[in-house]
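Okay, so chain A shows up in both of these, paired with chain B first and chain C after.
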Partner chain A sequence: MKSTAIIFFQLLIPLLMTTGCWNLKEPDQLAFVGGNGLDLTEDGKLEASALLVTPSGVGGGQSGGDKKGSFHVMNATGKNVSDALANMQTMISRVVFAGHRDIFLVGQKLAEKGMGDTIDPFMRSAQSDMRAMIYVVKNGRPKDVFSSKPFFDPFITTTLSDEQEAIGLKPYLAREFVVDVLSDGTQPLLPAVSLNPSKQYSYSGTAILNKDDGVKLVGFLDKKESTYALWIADRISSFILTTFVPEGDGNISLTIDTIGRRIKAKQIEERIQIDVHLIGEGAIIENNTNLDPSKREDLLLIQEKVNQKTKKSIEQLVKKVQEEYQMDIFGFGETVHQQYPRQWKKIKQNWPKTFPTVDVLVKVELQCNDSGLANSSLNRR
Partner chain B sequence: MGQFAKSDGRKKLNTNDSKSTENNSQTIGKSILENEQMFKSLFLHSSDIMYREITIHDQTKLLMIYVDGMVNTDMIISNILEPLMYKGLPQGLGSIESVIEMFEQERFSVLQTKKVSNIEEISDHILKGNLAILVDGEHFALLADVKKIETRSISESAIEPVLRGSRESFTENLRTNTTMMRRILATPKLKIESLKIGKLTKTDVAVVYIEGIVAPPVLNEVLKRLKCIQTNGILESGIIEQYLEEAPFSPFPQILNSERPDVAAASLLEGRVAILTNGTPFSLIVPMTFWSGLQAPDDYHQRFLFVAMIRWVRYIFTILSVFLPCIYIALTNFHPEMVPPELMLNIASLRESAPFPTVIEVLLMEFMFEGLQEAGLRLPKQIGPLVSIVGALVIGEAAVSAGIISAPVVIVVATGGIASFIIPRYSFSFPLRMLRFPLIILSGILGIFGIAIGISAILIHLLHLQSFGTPYLSPVAPLKMRGLKDVLLRWPQKMVKKEGDQL
Partner chain C sequence: MKLSETQLVWVIATTEIIAMIGLKITPTIQIAKQDAWLSMLVGGIIGLAITFLAVKLSMLHPHQTLVQYSQELLGKWLGRLIVLPFLLAWFILPAILLRSFADFIHLVLLNRTPVWLIILLFIGLMTYLTYSSGIMGIGRYCELVGPSIIITLFISFLLNVRNIKWHHILPIYFDSGEINILKGSIAPAFWFSGPFVLLVIISFIQSPKKVLAKSMLGVGITVFMVCSSTLMVLLVFGPNLAAKLKFSYFVSVRTIDILSFIQNADVFIMFIWVFGVIAQSSLYIFIACYETANCLKVKDWRKIIWFGIPMIFITAIVIPDETAITLFDKYWTAVVYPLCGILIPLFLLIISYFKKKERVKSI
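Up next, the complex of A and B:
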């Protein structure tokens, strides 16, 4: 027994010295970062901002008393990100702790210049949480977003991290962004937020980035286009679709919550053709037409019209992306890669140039499997 | 089999024995006057020893010696004095050589009699409540069993309560206890071997086992170690336990104690050995394993699914009771990224005004908790509840609102404390309570790494520990699939072969 114990502790001593894991920090010695933001100042300097949570303003317990603000936004400039953060630390009496960072914001200015260099420390640092979400701030600066006051949460970062799920998107996390940046066949498509004049944030579609050119911002898609684009990229779990049906002289709204997509690549001689097959099932939640969805022929008519219109919009979107932005945000390249792994090695180099010329066939198949509780629109009776 | 006790104790015993036999091998003389003087000087300053001299037929002098209060006086009068004084001796001795032999065979209607001449043996018997009758002219004393010792009646077990099962528990009287065992196990294979331990107390100790099921090496080892005990007094089975255990410095008890006859009987059926001690309701059961410390008496009486669940609740709470405080320290001080953000912020906000480091806070609270527990145990029953009220107020409310201790620490320590109450064997909760402190210090210095060191050290110790040759962690380590069923789930009774091969 004694010899076992002695050997055991002798083995432990070198471990103690090698790990160097004396990193005791009481929670009240830490400044918890809710979110980090990066942008360029007016004169082109890199500016890091951070939302620091003030624990005494948040937590439960010790009710009453004067509650301080629940957060504080700090800004600092520097040569690079680490330099800016080090400058920020000089203004804070507690050690900045980014292990609970929820949100990473990129200002539009920086994104336009290319954010490739600046992402590195956030992906490299061991303390960095790869489950953080990344947003591009459209027409604004990260620090303004951080300063805005949400109405549910004490600070904006928790709100932003809940936002994607609330609007039916599959959460797009930092690690997925890294995967997209490093992949050959996909261009990153980041969700974007903007501030309205009353300093409230709102989701404002997505931002297209060019990973081949320093992760530079290429353009924005609006909310509707984003929905379709994310549908093709399989990053959405539910959405509400409102379509005008001329036969019924009114709008029909569907909530679509069973969403699928099938993408097939075909090589016809030298050209590549992509078949995009989008499927979805949903329920009618609003009917402003004079059609009666409980009748089979009316329902089929509605479905056909919805499919046609949606198909048209998606085709327009694909065309716009192919011609205007020329960025493969849908991940068609990955499909080609998977189906033609050998040919892909050749195609890969030229994919950014090939993508705009690819033929995309879109097929939309939406099904209304629930016509709602009412029959025809009450208005038309 | 495992390490058995070293034999130097036995050598001492032998030398002592030979000495004592030399000194006390005196026998009584023939003269009753001399004998009376001799016993009176032996029992000098003992006002409870009674001497009663009677003469029958003006010729035969008798002397009775007994301890007042330990004998049944009615029985002495009706079964011994009356036949002697009124009926007297029959004419002539006939074929019977001595008066004593005649008494023994024809006169005294008591269950047990014994003819003894050794002084020490006679005095022993007197002190145990027997009546000694000395006859003038004969160098024997007749000992008659007329014991009547006041004992507590059989009552419900106070520290091992069950929902379902027998309500009776052992008493302080060894004979009552062996009776209870015999009642449950009505088989001639139930063996009750008797020993006397303690130079002054001469405590009766009974080793109980079932022949054919018990493992002979364990039994022999128990008897061997019991015979090695050299002490003046055995007042409680806990003293025997300390003499029997192999690793006195281990925090884990290696001998199970129980005051329930059904637990003892169940253990015997599993091939264990029970040791009953006169003067205490606590029986010792060997060998003990880690898992038997976590089994409640009525685990086998309830239906299997429920018990399977409750067992896991017990295992989880056992782990919580040891590791919760140190995990809290490690997570908040070393690895705050592992705690969910909202919780971490809450903890941080509650710690905002705390004056002490978390480690000190936890240690303080644990210390207070142990103090409260001990205070509640020692206080008279009437003021006992006061401790809990004051404790709850002072610790739960005042310390937090005064900002001395942060609220999460109170929650953690209280949860860990309550978790240790779930352990069915009270003595088994001691090691868990003790191990908290080194683990708290380790985690305060090294975080999760420190806890890992602590767990490794505990596991190495447990794997090395043995109780009478049985590995402490069996049947988990060394692994025995059949025994495992009982540890993990407590399999349905029908599907378990009960042959006492669990060890």
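Up next, the complex of A and C:
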């Protein structure tokens, strides 16, 4: 009895030496995906693109000889995402491995038709990376963006994942996009990239999607509008603001890096009013006016004008979003939800219709607490 | 066989934390949305009450296990009949646990390894742990592994602080209301106190003075860790996404990314997950075999292992798919637990009190 037990346990010992052999997969059997793109072809089929990293083209350092390209772009069509990726696999001798994927790109054509059905595999697949970022490609196709050659990195996906932080946005990850799609009130606002004629990518604002209608593209905001919209949505950490000051007959530029926002919902006789209070502190980095920011009255004048102008642009943006797009990208619904949880249960169903009629009061409070290293403009007197 | 009081704390915590984090967070979020953590707290309080009941009952019968004192109280045959559902549950639970965990490992880690092999490896280890030293070995193992599980969980909380968005858990209470919060708390409540293992393992403790306090401490640690993990999942994903993720805590750890340098921390979660599952299944296997031996009056309980283990292995393989596990879970909350966890212990407790009074009277 005892000896059978001992023999049984001794049988387990070989396992100590063989761990890892069974499921072995060497890196040279894998094709690493840097980014995935989805779009529709001319005849309306779903097309998946992938940027595959060529390890021999990236590393190696001084090893001389002609370097192969550091990446390769593959395309395949299919019934859905996985079908397209399976078709792509038939053209590659290594197993496609998406565990290190940084970027998802969505082509404008697909976004216009609605990208709702393509979201599922991103969260379901066990390989899927929770840290990937997502962009809409404005006026273009994902495969063209993947094919463009960046300056600093061997391939575009690393560049795109650094881009948002470089321009002062808080990184917007694919999983946050899914959270927005599943939320009650907020409509997703995705950053967009486009290609210029010389085949270089550039950030080109944001895309508004309608989660209630198959995550369909509704419209784009330009860069400046996006900055304001993301400010209200608390998704920005710094930006540069240039305003014309008529009193000083010139432009003034501020770099704003302490940013905050407070949103309050009020209910006045069945009507909902949203108070948006935006605050920021920053330094003057360029002064083309006749004013001297080191003088108190001039500084106050500059602040007042900057606040007025910014407030006006933001009010215009809110109005445009309310009237033209009718999409609650700012998350006002979520504010009402949090501050009036009881009433929200009634409002919730009708929120898409209520949002355009909501009164929005904007208050902007920017402070220049630093006028830079000079006093008055170095050009004018 | 002996079990110290410190070991008792860790046995309770180790065997419950991992199973609850793995399997109970998402169902609770599906019911109570962003208030799931409140559900966990409420469930914890109910769980403590059930634990109190089990400990009180065991302390009335020092150094006796469930099977022994139920026979003493109800006679030979009725006493045996009443423990049958317990034995059945203790044999089925490890099978279900092994299968769902093996499926998970198969999905995430070893996708080319057949599931039966994963189960076999686990079963081998568990047999070793149970056969070699019974509850003593399990106690020592939990004493070692329990603290490391808690430390790893805490580190994963800290690393995930960057991904937290406080507005995900707002508004508190109003959305679900007390009914949904209570509804969500029932399933966790039935797990916090452990599947009636206390009715057996308390008998191994030499000096059962502080047993009540220690058991409460063990359950308290579990409630705290599970509640914080639920809170982390909610804060990272928000209720709507978290309700759709199967292993939401595991996935929330995969979101950790600090300066693109600290990533893939899910490996460590995998470690503690293996630890927890081994502790839990070994405990159930041990109790099942030990109590079966008591029931059949077999002197050497180790002999039962050689019948019990193959049975568990076969059950684990025979389970067709996940839906069967979900079905069992529903059955568990609706029938098995209320019966074995509350009704029968309560019944035995009342009888014990009466018998005690009679004894006092007759003296």
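FYI, the second predicted complex is superposed on the first by the 355 of 381 C-alpha atoms of A that agree within 3 Å, B and C clash if a C-alpha of one lies under 4 Å from a C-alpha of the other, contacts with A are read in each partner's own complex, and residues count from 1 in each chain.
In this section, a contact is a pair of C-beta atoms (placed from the backbone, for glycine too) under 8 Å apart; a residue touches a chain by one contact, two chains touch by 3 or more.
Note that the coordinates shown come from a computational prediction; the quantities given were computed from them, not determined experimentally.
Novice: Contact-wise, after the overlay, does A:8 reach chain B, chain C, both or neither (first, second, both, neither)?
Specialist: Both chain B and chain C are touched by A:8.
Novice: Touch check for A:97: first (chain B), second (chain C), both, or neither?
Specialist: After superposition on chain A, A:97 lies in contact with chain B alone.
Novice: Once the shared chain is lined up, is A:27 touching chain B (first), chain C (second), both, or neither of them?
Specialist: In the superposed model, A:27 contacts chain B only, not chain C.
Novice: Looking at the overlay, does A:292 come into contact with chain B only (first), chain C only (second), both, or neither?
Specialist: So A:292 meets neither chain B nor chain C here.
Novice: Given the touch rule stated above, what does A:55 touch, chain B (first), chain C (second), both, or neither?
Specialist: first
Novice: In this superposed model, does chain C or chain B come into contact with more residues of chain A?
Specialist: Here the partner covering more residues of chain A is B.
Novice: Between chain B and chain C, whom does A:39 touch in the aligned arrangement: first, second, both, or neither?
Specialist: neither
Novice: Considering only touches as defined above, state whether A:328 meets chain B (first), chain C (second), both or neither.
Specialist: A:328: touches no partner chain.
Novice: Touching chain B and also chain C: which chain A residues?
Specialist: Touching chain B and chain C on chain A: residues 1, 5, 8, 12, 22-23, 129.
Novice: Please give the residue numbers of chain A that touch chain C in the complex, ascending.
Specialist: Interface residues on chain A, with respect to chain C: 1, 5, 8-9, 11-12, 15, 22-23, 123, 126, 129-131, 175, 178-179, 182-184, 334, 337-339, 341-342.
Novice: What residues of chain A sit close enough to touch chain B in their complex?
Specialist: Spelled out, the residues of chain A in touch with chain B are 1, 4-5, 8, 12, 16, 19, 21-28, 30, 32, 53, 55-62, 97, 99-100, 102, 127, 129, 158.
Novice: Within their complex, state which residues of chain C touch chain A.
Specialist: Checking each residue of chain C against chain A gives 107-113, 117, 121, 124-125, 127-128, 131, 167-168, 170-171, 174-175, 237-238, 240-241, 244-245, 251, 254-255, 257, 263, 302-303.
Novice: If we count contacts the way the header does, which residues on chain B are in touch with chain A in the complex?
Specialist: Listed in rising order, the residues of chain B that touch chain A are 332-334, 336-337, 341-342, 344-354, 357-358, 407, 444-447, 449, 453, 456-457, 460-461, 464.
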